[in-house]
Amino acid sequence: MELTADQEAEIAAARDRRAETSRPTVPALEAMLHRPIAVLDHGFVRVIDYMGDDGAIVQAARVSYGRGTRRVSEDTGLIRYLMRHHHSTPFEMCEIKLHVKLPIFVARQWIRHRTANVNEYSARYSILDREFYLPAPEHLAAQSETNRQGRGAVLEGAEAAEVLDLLRADAARCHDHYLAMLNEGADGAPRDPARAGLARELARMNLTLNTYTQWYWKIDLHNLFHFLALRADAHAQYEIRAYAEAMLGITEAWVPAAHQAFRDYRLGAATLSAPMLAVLRRMLAGETVAQEASGLSKREWAEMMAVIG
Amino acid sequence: MELTADQEAEIAAARDRRAETSRPTVPALEAMLHRPIAVLDHGFVRVIDYMGDDGAIVQAARVSYGRGTRRVSEDTGLIRYLMRHHHSTPFEMCEIKLHVKLPIFVARQWIRHRTANVNEYSARYSILDREFYLPAPEHLAAQSETNRQGRGAVLEGAEAAEVLDLLRADAARCHDHYLAMLNEGADGAPRDPARAGLARELARMNLTLNTYTQWYWKIDLHNLFHFLALRADAHAQYEIRAYAEAMLGITEAWVPAAHQAFRDYRLGAATLSAPMLAVLRRMLAGETVAQEASGLSKREWAEMMAVIG
Amino acid sequence: MELTADQEAEIAAARDRRAETSRPTVPALEAMLHRPIAVLDHGFVRVIDYMGDDGAIVQAARVSYGRGTRRVSEDTGLIRYLMRHHHSTPFEMCEIKLHVKLPIFVARQWIRHRTANVNEYSARYSILDREFYLPAPEHLAAQSETNRQGRGAVLEGAEAAEVLDLLRADAARCHDHYLAMLNEGADGAPRDPARAGLARELARMNLTLNTYTQWYWKIDLHNLFHFLALRADAHAQYEIRAYAEAMLGITEAWVPAAHQAFRDYRLGAATLSAPMLAVLRRMLAGETVAQEASGLSKREWAEMMAVIG
Amino acid sequence: MELTADQEAEIAAARDRRAETSRPTVPALEAMLHRPIAVLDHGFVRVIDYMGDDGAIVQAARVSYGRGTRRVSEDTGLIRYLMRHHHSTPFEMCEIKLHVKLPIFVARQWIRHRTANVNEYSARYSILDREFYLPAPEHLAAQSETNRQGRGAVLEGAEAAEVLDLLRADAARCHDHYLAMLNEGADGAPRDPARAGLARELARMNLTLNTYTQWYWKIDLHNLFHFLALRADAHAQYEIRAYAEAMLGITEAWVPAAHQAFRDYRLGAATLSAPMLAVLRRMLAGETVAQEASGLSKREWAEMMAVIG
């Protein structure tokens, strides 16, 4: 991720613009404000604004005036109780606004989360930069043979090189032709005065899905945690998981108590079905249970073993 | 609206808690923060937190780095263009959190707006105060004879006095019995040691719909304007309109350019249907059009006349 | 629950109105259509319309043409897999529309689920019937001493009788005064010609929260299951749980495979946190773990013991 | 749009599957069920299921039992009143499920409407067909010189031919390389046994944005009309407008009264701002008003003149 001099100046200006407020303020998040966190080869996440803190979750749960006089340990305990028991509304009282730069195929997964506000860079209106995602060698994986939507071993040798060459060449050629069809010079004048230039809203269809786009994305903490539970999961595609990891770092700075509760009671938790719980109780009573006698399908049995180790 | 000494102290403490931030900050709204604005006889609205300002709307619309160097007149023009053309997503980039105290029958209308976050005071968990809404004499209106969901003239004389007496006595008696059934003393010990006390979640059913409740309510600016367009309208019930008016004062302090655009292009605007526009063009061409020859129903004709004066 | 002769005739007419369709149709649900299922003393739930069946969930998951040729056992297995792994979108492809009659205090809990469509009977426009919920003796419970939002033992003897008398008398008196303030006779003419009559939108505030209201409520199957997971739970208030139980009977008739998967993987399931899973693995390895050495708080320990028996 | 023999057989089977129902049924929509309506060069829209009809809108508005005995003219009048006065909830009581095949760049605009349920064909799991959108010659437009997100004149001669050649060649080459990187033969065996094959979730990034995808899309009538108001508008991009036009044909068959009200009061309507209404009243009073003396900006003036002709 490289920033232009203009972008660096704008970020510095935004960080220098300081004012006093009596809103809840989180120094650890203020320290991150406006600064891009690099993700993938050209992407980033940066915090534009936020509302609330751990205390705002507690305040909403108590629906009381002000912050009260409870000790921190009690606030943390309340937050952990709320998370454990799926009380969602107090977490909705915190909100964050991010600026994200990401490949279009990642944006297409991301946007399926409908409970957020989005303003995306418009390729009907403006021209997309010549930036596309190319996987690092260690992420250039083969199709998994056991999981139809997973990855297997990393590609090696000639195949890896050829794949990277194809991805790079196709994306570059498509973007070159995009600019050629647009026929717009840097100064806005036509490159070739003899051509009319294709409409931007049409020319964009020639771009490949690894082209980078960007958007402002605003979401409340409950829905952000829901997004992270799905997208920081080991089954999520690596490319979106990389963004989820960056955002976990942000929640850790912003709402440390809620973040830890989320790690304990969601990310690291497991749900056992009624039939699984019946098997578990037999096991804890000392019985040796085999899959065949468990009442679970082979698939469920494997899932349960993965949980209880 | 009276605040207890504890509440006043908490508000003062919240206002004294000041920190530096590089988030967008609005001095006129900071001046209002935490302070209750009185509505009806015991209700209020107070701003707990906010995110964004007029500049955040512009920033989202431009999806660009930072605030740019445009002049204020251009920003205002862009905001007005966005409002006029129903571009909703940039307005979603601002968010506000309010603490509202309101009668239950108003809360039931209010909650029908689903695009907000809510934490309400729980009468399963806690005991509701002995506060209920009684209309001021000038709002004690008769049923409208022409509009099945509207108000007519103000009640007068004996009828007004009797109505107010009934409302006051029934609400008070129901609350007294609520406390009696609960059987909880101020110290948590039973009032009458011989009684078990009815569960709070059941006892509350004895309260009347003018009893006050309270909640934290968080909403983005686009959806707030949608709420205000419906609830600050002359057809809205007076009691919820009183809250809408208070919130209009808040948006004026918070996002003055967006607020003015909302007044010009929503609150004060009118939509003319295709048949109405056909009639209008005939009128502007100098033709005298009567309802019978207009193609409009009597009701539509009346609605159109109300718009074009 | 009593129906008027008019209502019975309308239900019979709706059931007699039969047409041919090539939409997915569920005979077991057709047999229930339009007929009210009694809930509480005057309430009901009845199915007005539905879209989709178990096959529609499978179809959406496969995003393929038509129903395919898979055997039923495979469809059921796929539905169970989707439920177990929290794939929500295929369940969103089924939709149901219910007509519900319920006390206002239950409606206030219910409406907090925002992902549904609602048309409620309007007391601004019409007059509410003289029907209010009175708990059956076995549901007239004392406040729980251990759970601030739960119920304890059933009230008995004089206290039970007095509570019921208060609830009945207050609701009846408030409704009588509501009608008196409205001053509307059965024929629409004023009861007392000397009075103007209070506006309906104001008079309703005199009603108690156990007064019955009604609405049309339309929701997709994913969100219905989410509602049922919360409201059919043992911690939900009995009065809303009674409606949830009735709706579980509806989902069993409508989408039997999804219903069974929901029972196994949601209603009867339990989530164990990361710290709980660590304790569980020690136990399964043969270690005797005490709460003090578990790393769990007393509350978490109790919750875990409740799960693993 | 070509269907395979398998697809045709599945559609025929779905249409032949007939059952009796006492749900509201619309013969004109039954006649369209399951059959694809061609859109663009390879796309389509087809109705999979529906819930409700014009009568269901009226029923919800009346929140009454059954269909009542009102005459059709009154029902139509009520629907028109509801549409004119922006009563949204009765229209939410109808729901439709569509199967849509569309280019990815259109899908990206479409998905911004968040109030729908979506199941999209997954390119993590399956392989996308070799089908991409190429504009018909009359839709191959130049960039507008006056509107940054609009189209100007149609491209002609050599430029048009070159643009089409580029679009066709780039999409084809990218798809060829996609298949080559996947290394999957028709039978699932590797094309080249010496290669591992790139994971599907990665290979898809090489596709161009005019590649076709498909999804099931389910939405209520209120939100469908909102979608159509934006996407059937002359300012919408032609390619999504083509889908909106097909869907207008569907609503006309499904809910003819609501459809006509939508055309009169939304599609063909115009909103005049408070300042525009002030100008209009001066004009109707006989005054000749010039832009300079109108209080409107040049842009607003032009917009008003476009409305009043």
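For clarity, chains are labelled A, B, C and D in written order, and residue numbers in each chain start from 1.
Operating definition for what follows: contacts are C-beta pairs under 8 Å (C-beta built on N, C-alpha and C of every residue); 3 or more make two chains touch, one makes a residue touch a chain.
Everything numeric here is computed off the predicted structure, so don't read it as measured data.
A.B. asks: Keeping to the contact definition above, tell me which chains border both subunit C and subunit D.
C.D. replies: The common neighbours are A, B.
A.B. asks: Answer with same or different: of all residue numbers used at the interface between subunit B and subunit C, are over half used by both copies?
C.D. replies: same
A.B. asks: Taking the mean of the CA coordinates per chain, how far is subunit A from subunit B in Å?
C.D. replies: Going by mean C-alpha positions, subunit A sits 35 Å from subunit B.
A.B. asks: Provide the C-alpha centroid distance between subunit A and subunit D, rounded to the nearest whole angstrom.
C.D. replies: Distance between chain centres, rounded to whole Å: 28 Å.
A.B. asks: For subunit D, what residues touch not just one other chain but two or more?
C.D. replies: 118, 122
A.B. asks: Give the list of subunit D residues in touch with subunit C in this complex.
C.D. replies: Per the touch definition, subunit D meets subunit C at residues 6-7, 10-11, 13-25, 27, 30, 33-34, 48-52, 56, 59-61, 63, 65-68, 89-90, 92-93, 95, 97, 117-122, 214-216, 218, 220.
A.B. asks: List the residues on subunit C that touch subunit A in their complex, please.
C.D. replies: 77, 81, 84, 263-265, 267-277, 280-281, 283-284, 297, 299-300, 303, 307-309
A.B. asks: Note which residues of subunit C are touching subunit B in the complex, please.
C.D. replies: 103-105, 107-108, 111-112, 114-115, 118, 122, 124-125, 133, 135, 140-144, 148-153, 155, 159, 163, 166-167, 170-171, 173-174, 177, 180-182, 184, 195-202, 204-210, 237
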